Amino acid sequence: MANSSGSLFRITSFGESHGPALGVVIDGCPAGLRLDLSRVQEELDRRRPGASPLSSTRKEPDRVELLSGVDGGLTLGSPIALLVRNLDARPADYEPGLYRPGHADLSHELRTGQRPGSGGGRASARETVARVAAGAVARQVLEALVGPSLEILAWVEQVGEERAACRRPARQEIEQSPVRCPQPEASARMEARIRAVRAEGDSLGGVIRGQARGVPAGLGQPVFGKIEAELAAAMLSIPAAKGFESGSGYAGAARRGSENNDPLEPAAAGEGGQLSSGAWVRSRGNHAGGLLGGISTGMDIDWTVAFKPVSTIFLEQDTVDAAGQPARLRARGRHDPCVLPRAVPIVEAMAALVLCDQLLRARGLRPLR
Amino acid sequence: MANSSGSLFRITSFGESHGPALGVVIDGCPAGLRLDLSRVQEELDRRRPGASPLSSTRKEPDRVELLSGVDGGLTLGSPIALLVRNLDARPADYEPGLYRPGHADLSHELRTGQRPGSGGGRASARETVARVAAGAVARQVLEALVGPSLEILAWVEQVGEERAACRRPARQEIEQSPVRCPQPEASARMEARIRAVRAEGDSLGGVIRGQARGVPAGLGQPVFGKIEAELAAAMLSIPAAKGFESGSGYAGAARRGSENNDPLEPAAAGEGGQLSSGAWVRSRGNHAGGLLGGISTGMDIDWTVAFKPVSTIFLEQDTVDAAGQPARLRARGRHDPCVLPRAVPIVEAMAALVLCDQLLRARGLRPLR
Amino acid sequence: MANSSGSLFRITSFGESHGPALGVVIDGCPAGLRLDLSRVQEELDRRRPGASPLSSTRKEPDRVELLSGVDGGLTLGSPIALLVRNLDARPADYEPGLYRPGHADLSHELRTGQRPGSGGGRASARETVARVAAGAVARQVLEALVGPSLEILAWVEQVGEERAACRRPARQEIEQSPVRCPQPEASARMEARIRAVRAEGDSLGGVIRGQARGVPAGLGQPVFGKIEAELAAAMLSIPAAKGFESGSGYAGAARRGSENNDPLEPAAAGEGGQLSSGAWVRSRGNHAGGLLGGISTGMDIDWTVAFKPVSTIFLEQDTVDAAGQPARLRARGRHDPCVLPRAVPIVEAMAALVLCDQLLRARGLRPLR
Amino acid sequence: MANSSGSLFRITSFGESHGPALGVVIDGCPAGLRLDLSRVQEELDRRRPGASPLSSTRKEPDRVELLSGVDGGLTLGSPIALLVRNLDARPADYEPGLYRPGHADLSHELRTGQRPGSGGGRASARETVARVAAGAVARQVLEALVGPSLEILAWVEQVGEERAACRRPARQEIEQSPVRCPQPEASARMEARIRAVRAEGDSLGGVIRGQARGVPAGLGQPVFGKIEAELAAAMLSIPAAKGFESGSGYAGAARRGSENNDPLEPAAAGEGGQLSSGAWVRSRGNHAGGLLGGISTGMDIDWTVAFKPVSTIFLEQDTVDAAGQPARLRARGRHDPCVLPRAVPIVEAMAALVLCDQLLRARGLRPLR
């Protein structure tokens, strides 16, 4: 089950980084959705390697093939299987030699007792192709059910020590930056930093911030089905993710209740959430990040994800060999110096999957009409 | 399913804060475990309100009753149901009036369309009684399968703006502090801060750090069954939790790979993890927090959880009434000014549940002999 | 997970036959249902031992206690926990001695490596108290969502070699028979047969037939979520159940397609199912038992369950002792000579659980208004 | 989730009968298994259409492609994805016209509100390609863990009114019969009957019997994880299945306990099951079908499945058109007159999946060494 996620809208991911293909099966997409496959391709293009001078030089067209679940452009209510072939796999680059410090190759071997020769296998960030494809379907389900006001986006807020502070950027502002940071000045600093570090053979981490706008109030389920809990799991399942915040997060931990509570105020119909009396309410401020007790309030859902620096670097490091003896490693292969820009569509995809599943648990799987 | 957690070792929590009782059913405890119910009671006592001058004055003895699953002191392999009666419920204190800013009462109403009269219901931190009881069983399963070297503990590392920095404290150092901070000087500062803020009618957030020591290498499942993902979900399901870090977390996001990678070195047998060659390996440093790709390396698993300040405060705040009209609220009832000290056993319990479930997925449900 | 059933409407059963209590937690009941607890008690009374001269003499009042999930008569959307105390447990009657041929005590020991001293434990039919209680809740959810035309009932169609043939009896016709066979003459024969066999110390099996009338067309999910598959699993999870048929079942296996196919014909609005054109259709005849490809057609869902004779008999049988040596056993304890009459409400309860879960998967968990 | 089955060893099936491909993802296969893909192909060949004069004339080579999960012949512990392309799809044959009585096309439309143009879609028996492929993997896991003594086989015991009675045939006796009935005389009668009925444009149902030999004692989980319950669900998820029996089934319902109970007797080590005392025990006779309380006893697991006659026939039948108006239908397309022979490998595959999942729940997912 470890390769499946979701409860009613459930995806199953498969494929190794240097095997024949990657893919995903989506079970629980309601029938009757007009699915636009070109939007799935667009999202894959957003995370594709080789698309930017900042990313890995692996050349993968990442063309998606639809294997099932759609007929005449409409979803059938049956599983949607999407396949992406690996065309530029080079398993030879990854022949098992010295262990890479900080890389999951080691821990996968501790788990399975095998040294896979296939370059990361499931530990590779290439696995996220499956999620991005599925997320692009989830997004279309959400838009069909909620309407076009629903918007899920993410951007880079930190690369190494370079930070930006953005409140509510538009998608276009994000996408015109090569590092996907909507603040031009910060974007330029981040880009320079990535180029410098790449030249040194080193790598950088950073922070991505995500927002889901227009999510209806009242989604989420106490106590283990809280949106915060599911979002945290979704984000921490992304390779290299090491931290998650919802709303005010760690900063809020230093505040008093009187500072951190978001005061409530009357709202226009359709804004915020609707009380049992029929009146509408919203908050002034959004330290809660759109979630109280894991349930949406109708305000923007707002979170961050911290990524550690890429573990594969081209500087010499202390490690051990297959026999466990001390050794010095200088890695080979094609690797991003900083995954943050390419992780943006992954963060969005995982959020779309969580929200779509939550919405369907409330609404059920009956067809769209 | 939202009230269940775990896949092979699965708990189902029930009960409202001001209803008749709280309880938990544990499905997936292997047969043949000698279960010590007094250790379950001890953990409940650690989270009990009214035990410290720093906590809520609600008086609940929280005596646990075993309803099933154990005969003659041995687990039967059937569900273990544990019940705790609510004896000091005062639903009248919570009669629906004005909405509390920052409290999940509002979002639960947005979800269900009902105003429950019962003081938080499932949104109350009292629900964690069920988890602490179940966690105490999980801990015993882990100890029986891994041995007494396995240790799961947590402590308070921050209260409001007061911080401590502790590396690897002993349980006893933690428990002798009234705020569960093992650093005496920081503990005193935190305690003073809590008393001051309580006197003002305000509240505080903070950060808890947890460690699981002695966890065997190779536990965890790619890609959605990563320990980090499950731990994050478990922690974010705790009331008031708004952030999670694994290992170097947000600090690591600012580092380079050459700084953040933990170099590998040969290890003594039984220390760290065993390679497929049979040799043992460990890391120098532990920025990874014992997890690479969500799989344990045999080093300490290390994480933090950020808690927002308690939302219910006794200062006047802007809010709305049932009709959605502006109003000013000064809350009543019995509430902790700072949940951190009492949240320590909850953090430990959730970690024990995650690790026990992971271990059983690897080992299966066959009986202990 | 083995003690949980259902996907959105999910029950978790706990308790041993001779332990302190039996109970069930229902997770996934939508908020806003007016729950009538007396109807839960009524269903428990229908399966209660000691209520008829034909059943076990164990005296259990089986009073249900509501522990959570309801406030002011309305469901909260949180788990509903129901508890029934065991008051007439006599574990001493079941001290482990010789193995009972045909009884699950043996296989439970083969599984757990333990000889439980508690009279069947989870293998006992007493565990079905939990299911009957949960089924009574499921029925109320179904009625609230579908309307009062929905009716789930079952009756005894065979006891040993005595058979009845009933097409579509009313609940009252069933309940006025002490063996729950709506055909008076067959009922009398069955009753006489049970009395005779009880006097001999032997036991009888039989067949129960169930019907769910008024189930909306279009429920059920291909391919593993077929109603037939879930109903089969539900029925075969009942103690002593050894067979299941849907619609024409084994008799249909001997027919030709031209005989077994149910011809289609136009139907009045609301009768049968509605085509995508808007027209209504029904079948002439119902060999399909209301299910095609596991999906409801709007015709009566119709099934049977075969029960083996009760394994515990008071005649001498060949068996082995604890050391595996040949022995002769004459059982003690309080046992039904024929479980069929008491199994009727269990069959109904399991069907209600399956259908409620299916309906909620289509409709979602949003509250009733 | 409706297209997934299993809990630790979990398969997800996808693909429509007349879409691009069918496939399956297997999540939960332990690492370190030497997987023989040719055995997967062999099982697909056994269920392939066009292989016998008795079956559909659709020509599908059904070549399996491995997409993931295996490297160097060894399973990686990651998902195994298997793909089979549809090469002889003729959706035009199935253009929606009149409804076929007894066919799930109707109920799928009632569910989704769509008239799929693709010949059965997920309702088609062609979907079982996925299961047969997955079952062939499950079988290899079982053999690796239990040893070669484990054997799962099935045969045709009834076709229309022609019956056979076989106790414990060898696989070779089954496979040398064109109808997969190991009793030559009955096989000849069945074959003749199928030819005659095909010539008439009609169809036949029948009964398949399955056996799993060498299954270790103690597998299975009370109460909803009973092998009988899971086997029943697995069998009833096969297209056209309408009945299931375990052991003596419906015949046992007519017997007394003294007749139906299987007496116990001492057994040689390794035969039957082992008591907690260490002694071995087996039963004389096997009315229980190897299962007591849903848990294996070490005796042969023995069951039957009833199949209704194929609904698509070439005789004229009463039906309705798209507008719900009365009409007369004479079907076209390529259809088996009797699915029984081809359903044999499907029955075996589903049994292997259930047993493999049960074994892994007891044993866990740790790698094979």
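We just call them A, B, C and D in the order they show up, numbering each chain from 1.
Note that contacts are C-beta pairs under 8 Å (C-beta built on N, C-alpha and C of every residue); 3 or more make two chains touch, one makes a residue touch a chain.
Remember, it's a predicted structure, so these values are computed and weren't measured experimentally.
*Asks:* Comparing the two chain pairs, does A-D have more C-beta contacts than A-B, or is it the other way round?
*Replies:* A-B
*Asks:* Measuring centre to centre, with centres taken as mean CA positions, what chain is farthest from chain A?
*Replies:* Looking at centroid distances, C is the chain farthest away.
*Asks:* Quick one: report the Å distance separating chain B from chain D, using the average Cα coordinate of each chain.
*Replies:* Chain centroid spacing, chain B to chain D, equals 45 Å.
*Asks:* Mind checking the centre-to-centre distance between chain A and chain B? Centres are C-alpha means, answer in whole Å.
*Replies:* 26
*Asks:* Just the number, please: Cα centre separation of chain A and chain D in whole Å.
*Replies:* One centre to the other, that is 39 Å.
*Asks:* For chain A, jot down the residues that touch at least 2 other chains.
*Replies:* Chain A, residues with two or more chain partners: 1-4, 7-8, 13, 78, 111-114, 122, 221-222.
*Asks:* For chain B, which residues count as touching chain C in their complex?
*Replies:* Within the complex, chain B touches chain C at residues 1-4, 7-8, 10, 12-16, 19-23, 25, 27-28, 31-32, 65-69, 71-72, 74, 76-81, 83, 111-114, 116-118, 121-122, 367, 369.
*Asks:* Show me the residue ranges of chain A that touch chain C in the complex, using the header's touch definition.
*Replies:* Chain A reaches chain C through residues 7-8, 78, 221-222, 360-366.
*Asks:* In their complex, what parts of chain B are in touch with chain A?
*Replies:* It is residues 1-5, 7, 13, 99, 101-104, 106-115, 122-123, 127, 158, 160-161, 197, 202-207, 217-226, 228-237, 239, 241-250, 252-267, 273-277, 279-281, 283-284, 287-289, 291-298, 306-313, 315, 317-320, 322-326 of chain B that touch chain A.
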